[in-house]
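A single structure is presented below for examination.
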Amino acid sequence: MSITAPTNNPDARTTTSAVTVDGVSRVFAARKGDGVTALDSVSLTVAPGEFVSLIGPSGCGKSTLLRLIADLDMPTSGSIEVFGKPARQARIDQDYGIAFQQAGLLPWRTVAGNIELPLELHGLGKVARRARVAELIELVGLSDFARHYPDQLSGGMQQRVAIARSLAESPSLLLMDEPFGALDEMTRERMQNELVRICAETKAAVVFVTHSIPEAVFLSDRVVVMSPRPGRIRSIVDVGLGDMSNRGEDLREDENFFRGLSQVRDLLHGDESAGRPPGARGVETR
Amino acid sequence: MTQLSPAHRARFGLSARWRGTIFGVLGVVTIALIWELYKFLGPADGVIIGTLTVLPRTSDLAMPHLATMLARLFEPVTGAAIAVPLWQAVAEASLFTLGIASVGWLVGVTVGMILALLMQRFRLVESMILPWIILSQTVPLIAIAPLVRRWGAQINIGEFSWESWMSVALIASYLAFFPVSIGALRGLGAPDANHVDLMRCYSVGWWKTLWRLRLPASVSYLLPALRLAAVSAVIGSVVAEVSIGLRGGIGRLIVEYAGSSGGDPGKPWAPIFGSILVGLVAAGFVGLIGLFLRRFRRGESPA
Amino acid sequence: MRDAQPRLLQTVLAPILFGAAVILLWQGLVTGFAIKAFILPAPFSIGSEFASNLQNVADGMLVTGGNALVGLLLGAFVGILLAIVSSLVRVFDQMAVPVVGALSVVPIVALAPVLYTMFGAGAETARQLVAALAVFVPVYFNTLKGLRQVSPVHRDLMRSYAVSSWQATRAVTLPTALPFVFTGLRIASSLAVISALIAEYFGGPVGGLGKSITSAAASSNYGLAWAYVLGSIILGLVFFCAALGVEKLISRRPG
């Protein structure tokens, strides 16, 4: 089983970042009075092939930031570049794949039909589509369910289909908005293991929004901790748990993993225990 | 979707409520314009394909000007000396029909609610009756309208004797009770399973649960059903009046004035305006009920 | 499956038994109390009249059914078309809301006589138009509702794919709207028959079930009149089942 490496950006390994967020603010206007500042002068860079999580309490703007990167919304000020292009151009050029919290599968299409949706919309021929869909279905482990409909699948399986769909065009950037949020803990951990495996193979950059500290630490190279009202980046933690391909199930029992958990948790709770050795703090720009 | 800026909105002084009315008037004006435009442009004998008249004749007799229709309203009904203005005759007939439809509606709603309560309480009753009720909505039971003419003739209980208008009201109630029974049943079964369990935890009996939980929860379903019942009652009244031949109602006028369209093209349109008014008043009345029951409709998604 | 069987019996058997009981009771009451035919004929006599006049009833069903069908097709076409326009052009939608709302509460059949004048009293056109207007209302409302049901997640998905609005419509909006269109058509199919029939009470040419009922009642042939009523019930059922059948056929999957 081979998954083609990202093909749409030959410069992926060189200096162009996958995502560059520069001084972005997003204010939602209200009928009367001041609006809600969802994001306030946020800056962030994501390197090609890097897995970055956005974590924070409700209202910290993490989903808003993801939507801005995906060009599903426009910033009030500041700019966003994806692979060196403005976000809008990146969307038009289909440089990213996206997965939402509700899987968003079309209920009248089979699993195969849902995965091939972007390929069909963008004009790929039937034979090529079939081949690609077969690859992807095997990648996410749903080969026996190709002809099933979404309402016949469990939540975890639906999310796997959504992830397969987001990989359909071999994007160099994956945007994921709490895709495992609606799943129970056991399924969640299984999906995390799957995702790590997939990312090791595809080597795509990932921006991943989550509520869960263990999830963020398990999956990411760096964890971006955000704070609400107004939405800002509080700090960035370099998790330092090594390459994607080395992250197996036993990572969750690892000492370094727990240290990463503590760092992120402390930041989220807004205090730093004096007794702990200071962890590595990421800086906002490389 | 364009959003008017606050400045723009202030300048034109539009608020959502008035905007709806203005657009409604605009819609009616558009239809009136289409009428007159077609009358101006269309051929006198209409557009005929083969033997079929696809678009209507545009002569003044077949399609009178809107001005003619309106002006006719203020002229007397007939040439006789005692004749009242047309609008008055139509108004009186409209009130008459509205009255009968209201009686039919009340009876129909009562019977429908009772049936719904029975079906809610006893699953067996529901399995027996509900399929027939649903079936009856798909078939034209109003076809029996001509046949109920003689029903009441036999019934004389003491002081009470059956009058013709009661047959009309009966048909109206017949049409009204179907949507109410189905809507009420659905509404009574609508409360959250959690809420029903809560009532059981409080050891509350069926009647109290009905009053405190099921009836309030059913309002959102009941109101559209009541509206449909009102509309059905009006239609039933109009059709039954024609079939039974009841004098005094708007249905009778519709058929009666239709005969004079040869020489008096504006006349048949007057009872049409009257029946439109009756329908609107009936629906408006149910809307008022809805306004009173606003509190029970919180959390309702727009139909 | 075992559990479903007793429930199936209950769902099918109970109403059938109830219906049979009602018919027997009806027959018993008519014979027992010697109820005159002009009030309520016995069900068995209705059945026999129906059987012996089968050709006439069938002819009437064809005329009324034909009008209902034309009205159904015309009204559905215009209803779906205008619903699409309303979903795209906001001004049109705002004008249509009160107008179609008013149309839904007024007795459309009141227009029958003037329509007969406009299109000729010898033609069936007026009845077809009454049926079409009655069909238009539920089809319009339900189709419009369906067109507005696209979930936000699907909308975001289409935007992320940067597809043209026509592609998005084909991929998401139309399939989402389809079940609603069928709901509207199901309601409309019954309304078409009812409206075509009662339009006959307001004038027009001789053919059709409504006219036959009236003339049979006028000549005191009540058994025959009820036989025509039975014919109209069958017609209504045929339309309803046809609408259901088309729906099942086109949406190849249940639910």
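Going in written order, the chains are labelled A, B and C, and every chain counts its residues from 1.
What we mean here is this: a contact is a pair of C-beta atoms (placed from the backbone, for glycine too) under 8 Å apart; a residue touches a chain by one contact, two chains touch by 3 or more.
What you see is a predicted model; the values in this text were computed from it and never measured.
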Dominant interface by contact count, named by its two chains: B-C
Greatest separation from subunit C - chain, by CA centre: A
Separation of mean Cα positions, subunit C and subunit A [Å, integer]: 51
Rounded Å distance between subunit A and subunit B, as computed from the means of their C-alpha atoms: 55
Centre-to-centre distance between subunit C and subunit B (centres being mean Cα positions), rounded to whole Å: 17
Touching two or more other chains - residues of subunit A: none
Junction residues of subunit C - those touching two or more other chains: none
Sequence positions of subunit B contacting 2 or more other chains: none
Residues of subunit C that touch subunit A when the two form their complex: 151, 153-154, 156-157, 159-163, 167, 171-172, 175, 253, 255
Contact set on subunit C toward subunit B in their complex: 10-11, 14-15, 17-19, 36, 38-39, 90-91, 94-99, 102, 104-107, 109-111, 113-120, 123, 125, 189-190, 193-194, 197-198, 201-203, 209-210, 213-214, 217-218, 222, 225-226, 228-229, 232-233, 235-237, 239-240
Contacting residues of subunit A [partner subunit C, same complex]: 67, 70-72, 91-92, 94, 96, 98, 100, 102, 104, 106, 108, 117-118, 121-122, 149, 151
Partner subunit C, residues of subunit B touching it in the complex: 1-2, 19-21, 23-24, 26-28, 30-31, 46, 52-54, 56-57, 61-63, 124, 127-132, 135, 137-147, 149-151, 154, 227, 230-231, 234-235, 238-239, 242-243, 250, 254-255, 257-258, 261, 265, 268-269, 271-272, 275-276, 278-280, 282-283
